[in-house]
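Below are two complexes that have chain A in common, paired first with chain B and then with chain C.
Then we have the complex of A and B:
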């Protein structure tokens, strides 16, 4: 700007000003300001008060308008997938023998074998102890079955049809004593033939071979006569073993592996010459590899036999054969080492499908992405459990802040930010309602005491003294516990709590109002009002109350902060506002279960703590600002 | 406003005070027992003619203000009568009027409004006999202007409201004329119409006192007690206010009781002047009589203290010794004898009568008692 321009500007200025000049007696010259306007002007000059007001306005918008724009509700619970360490599978080394049926056996036999099955384990024990290869097991109907040892841990039960037909008192040669039920004495000289065969232990009669066995239990010299009625050879009805086939691909062999007939054939094939069998139109072969019997379907390895059994925690978990082999290896290592006590653990890693949000991650070609996962094997009393992190569909409790939940979730899986908004509503509302109750009670009681004086004043002031003496915290804690005992509805409880807080707080207001009214009552303008013959109500409401109003407003604003603190404290202790209603206090109660939660879930309590702090400080700033603004002695 | 031209009223005093007493009890601090009384107003009697001004002078603490307020029953009256005439008695109901009748008149006066009002016009109505509700209805007729224009205005009401609220309550003018009426009153008291929406703190002391006067006048009073209305103001404003009061009196036929400790102001405004000392009236006379020929030694001392604006005139001051005695324990006999230059033996034993020494000149001093 050149000098000339500046001069021009300066020269022009007085003319502009001339137009705006006002006459000295202009009514508009002195701006008319009501006392309220003056207070407002003084208030907005106070920077802290303005700051406090801004904070409060923002808080109110946040709490009362925020939820309208925020997608989550106050008590909405969020679910999702999360890696959770849990039991994944169980494993054990079988000691009891399991049985598989020949699918072709008839129902009568099956009924019989059902009865025998219970005796199989003790019969096997007998075999192992005696070191023999087979033993007879008698069914309830007297039918004998032969339990034969096929291999280590593999036994077969066959219908021997080798039955006791008669008891024979041989020594005395008295002849056949009795024939068993269902057997009749053949025609001819059966007795003589039997007597002749005693020394050989067997004889033939009518084309059948009979065995004569000396009854070891008999006190007399008795013999039992057995006869193998069947001529058709050995028929395996039943295989009993601790080795179970473990299928490599559960999906492919599911139909077979559920079918005990398939397993029956699979066992048997290892002991037949052909080492193979046909089932469901497909051909399978068995082979022994490094001492492990393996089942092939064509060229493909489909199962191996093992005394080791592992199963998923439920039907959704399928354990692959590779996994089971790895697990078996770890467990046998544990058994070999001294690490076999109950409770001891071992870990191993195994490449497992990667899960994100409960779904298996696949790469561009559709192949499952694998990642190394750590599995922990724990020794239990009789078996082993496998633990690992699993992608589980759960309530998202204590979720860390993320894009969906800006402040995370709380102990109930509810969105912290949403609850802060709704909680702010309750906290602020409690503050306002309680202060309103305090003010109403305080103004009425203090007003009566101050205006009428005398014994009324005395009575009310003693009541105020009594209320001052009441320790409010214990009372609130006791009433809180009482509400708990009454199992009060949370909404009713909230109303009661506000009523009690209001009842406990009016005394200070009443005392202040009384003091103010006492001094105002003696002011000359009150005498003037009386001299004008104004009605009592007009004197109180037009002359006294407006003059008490400033102090009331200040007290109310200051009171708001402390009520919010009290409410938060109570709710934090679990004695105030109850779940599912959110308040700033009871939200912090979420993280009090464990000490370490305090640091772990700082994202829950830090924002809430800041908000409580902000609200209380803002209310105090505004209160201070109002007090200064109302004080006529305060200079501009 | 209409001037009250009732002939009979003109003759009869508008205010009659008979033996008015106001004692404030002194209570012991602990048991709240009354251990004595402050005799702020002790047996005061006087009358005021309508349309005149009675000036009341006296030292600070002599009971002027208390007397003024007690006359309006702003303090409960301990004893005595304050009779008023010419009040708007038709605002009261028959039962309120009847309740105000003195006991001796109960039987003689007929129970209808006209005869009751006629009785009260004749004998005056005792302010102490009115029920609170009835008193409130009559309040507009007897107004007061306070000494302190700062504390006598409610700080949270705009001026229009302060002046008008009682007008509204007592329905002094119909609703539709209300705004106009307030503006008129304000103009009459030297205020501008646009002041209506302003608040007391925006005014100077003089303006505030005008607001107080406007408030009192808006009630259309018959009697106005002016309780030192100018003592809080500087001299130039004092003149304005005094002249305003005089103009208003001329215009409306007001009766003033003008309380002041400033003799020159009283001389300027009053028709009659009363001198008070320690709660009692010591002298009452027309202004001229009192200033020309003061009788009571206390009045003489007071008048001698008026400064003369001429340096050459030698002032012949009568200086009073000592302080005003305590009204709780006034001296025996003549209350002034402790400070009186003409004290006699009789003075300390016998209280002088307040009697008419010359026509219209009352004095309470043994010097002028006819018994001497």
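Then we have the complex of A and C:
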């Protein structure tokens, strides 16, 4: 609508309307507004103040109402599954020979051979060193047994049958028999009995029959003494081996892995003529393929034997035969290459069941989903450890932001967003309580000083001067450190901290209130109040203080910001509000102390710092706006 | 004028005496056992030369805390006036010596930041007032408010994150690099300067807001004054009005506030120095206070309150010196 048209409309108004037009100074023209309304209208005209108010309203809703709708509590700790690199299995190349008894052995025989079994490792060492394929060992009852070598890895104890025990070489004329290594001369006059037996070709001594045979290669007088040391009984008493079976199926593993008797047959089977045995109603056969002995159960592959032994870190981990073969390959490669020093590592991948949230993932048909997983083999002093990422149930520390935790979790596995809300409550509450204490103290002290004047004024103002001079931050730090030393309860120290903050801050308010009251005291309305006989307290609190209110409100709003900064700084230093309670300051405490956390968890502390800034700026904006609204003269 | 100054100095001394008493009372009324506990802890530390009894004895001799409050206060004050603040528990050297060793780092750090603040804040404040409600004005206002509202620790952490961790321009803290000792004197100096850059930036940004805002408000007030209107009415150039008539009057409150903050340069930056590991008085005091080093803490509290008082005194006197109207009253 153009100007001209508007004027036309005005001019074309009906006559009576023209007559009712108000005069310029008509009282009805003046819209009467209450002082509070005036202030409010001036306030909402200030854009920054409106912005500050909006920010504050949002902050308050966020901190005080947010937790009601947010599912997590302030100190709720979250647990969950997380891939953690941990030891998964151990492996070693077995060097010690372990013996498996023949199940047919009775317990007396076992007791008799107990010492032999325990010494088997040194006996085998002897065989290896001498390069022979057997050695004789003496049992507890004095009889000799033969430890027979089948293979580098398999030995078995058997009766030593007819063996050369002694000869007369050299000492024939003296009639003294020289015993071979591994045999000792029985007690009694053995030599005499032997000499007597030469002509007959045999003699008996100590319950054993000895045969005397002329040494075909030796001299005329060289005779050898043979003896059948066998006691009769089983073929083999036990098998000693470094091998261990690796079963292809878990069922076989469960059935046979602990069965010593089965193992006895299994290890021996490859060296028997039939290459097989029967055990527990099943038929087993063995075959040697590429140096590896494989055990068949019927036609099926059942297990293979190897000196390489691997086991899971605990009973929950079962290593499959394929995994063990792969691991063996990696380890033998490591042993062949120069990569064999302690601490050296090698990695390999192996398709393994996929875990999500601690459960194996299965596809639609119920088959386990496999994924390639990286395993690291590490050489230790005597064995090898296998490491891999495992789905472990842990406290979710420093969880990255995700759908459950929008800002992740903190060092204690607590939800950051929840703690920001509760922290905001504490920070804002501390601000309000402290400012309230400051205002109460300041109004009372300033009011008394300003109203009464004289020596009261002097005294209070000296007190104000003194409190102005006390360095507050050092005092707060000292008290914080002292609370720490006294191990004060976190709630008690929160109250103390608020009290101290309030006590250190009232001087400014008192000075301002006193100044205002000094000037107001002389004004006419106070004279009128005095003349109408009002009581002193009524005059102070009903007539003077309300007039100081605007400045008080402004100072309180500005003060809130600085108290929030002080509190967060103290909490940041670890000397303010303590752990179970969250505040914006102490949430930043741990994270910014370490360099690696500083950058890695910036998503936690940067928003918190911004919130502190935002709150303080908003309080300052509102304070500025209020000051301008209360006292328009100050603004140009 | 002289009479005014003498009166102010005497009054300040009285206040200082009372402030010291309040501080002494505060320290003396620490819950019983706290000081003894600290002394016991000290005597059990490896390499300590003194037994528990010696620590307590020395402390009582110096602080007089075994005597009554008033008598003890005078014992301590008597020692303090002679410059004897006892031996620091945390640094195991006399307090005065430790103070002397570190105070100059703080002073230089604060001085550089202070010069920067003044050099940036005053021109910008005047500019903002000159062009009120312009873009420049809003920028200055917002920057000033952000500076005021920013907690030191947050700003320091942000600077560390950006310049130390992400860009790698500066070390995360400390006063010298790893190879500081291998450098020659000039290299060491440059290295230390390099390490001072982030703390100086922190201090400047934190301090600049208040001064900028103050300058702006005061300049606005001056620009509204009658004599400025008169100067304009006389047809003076805008440059002369602002640069001569307005500027000199703007300076009155600014000089007092700037002068008043001069003593504070010695007090060290408690938070900034601690966060950046600058071994100035702020850093040393912070660690003394946290570790319950009573002699050093007493000294630092006394020292800070003297500086605050001196600041007030100085700004009062400067106000009288700069503004002839005050002197007439």
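Here is the rule we use: the second predicted complex is superposed on the first by the 485 of 636 C-alpha atoms of A that agree within 3 Å, B and C clash if a C-alpha of one lies under 4 Å from a C-alpha of the other, contacts with A are read in each partner's own complex, and residues count from 1 in each chain.
Rule of thumb we're sticking to: a residue touches a chain if its C-beta (ideal position, glycine included) is under 8 Å from a C-beta of that chain, and two chains touch if they have at least 3 such contacts.
These figures come from a predicted structure and were not determined experimentally.
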item	value
Joint occupancy of chain A by chain B and chain C, clash or fit	fit
Touching partner for A:266 - first (chain B), second (chain C), both, neither	neither
Chain B versus chain C as contact partner of A:225, first or second or both or neither	neither
Chain B versus chain C as contact partner of A:575, first or second or both or neither	second
Touching partner for A:617 - first (chain B), second (chain C), both, neither	second
Contacts of A:195 with chain B and chain C, given as first, second, both or neither	neither
When both partners are placed on the shared chain, which of chain B and chain C touches more of chain A	C
First (chain B), second (chain C), both or neither touched by A:546	first
Which of chain B and chain C A:481 touches, first, second, both or neither	second
Touching partner for A:525 - first (chain B), second (chain C), both, neither	first
Chain B and chain C, minimum CA distance [Å, superposed model]	7
Sites on chain B touched by chain A in the complex	69, 72, 74, 135-140, 143-144, 146, 148, 151-158, 165-166, 169-170, 192, 194, 197-199, 201-202, 212, 215, 219
Chain C - residues contacting chain A, complex	15-16, 18-19, 22-23, 26, 30-31, 34, 37-38, 132, 145-146, 148-154, 157-158, 160-161, 164-166, 172, 220, 223-224, 267, 270-271, 274, 285-286, 289-292, 297, 300-301, 304-305, 308-309, 312
Chain A residues touching chain B - in the complex, by the definition given at the top	27, 30, 32-35, 523-525, 527-535, 538, 542-543, 546-547, 549, 632
Interface residues, chain A side, partner chain C - complex	462, 465-466, 468-471, 473-475, 477-478, 481-482, 485-486, 561, 565, 568-569, 572-573, 575, 585, 588, 592, 595, 598-599, 602, 605-606, 609, 612-613, 616-617, 620-621, 636
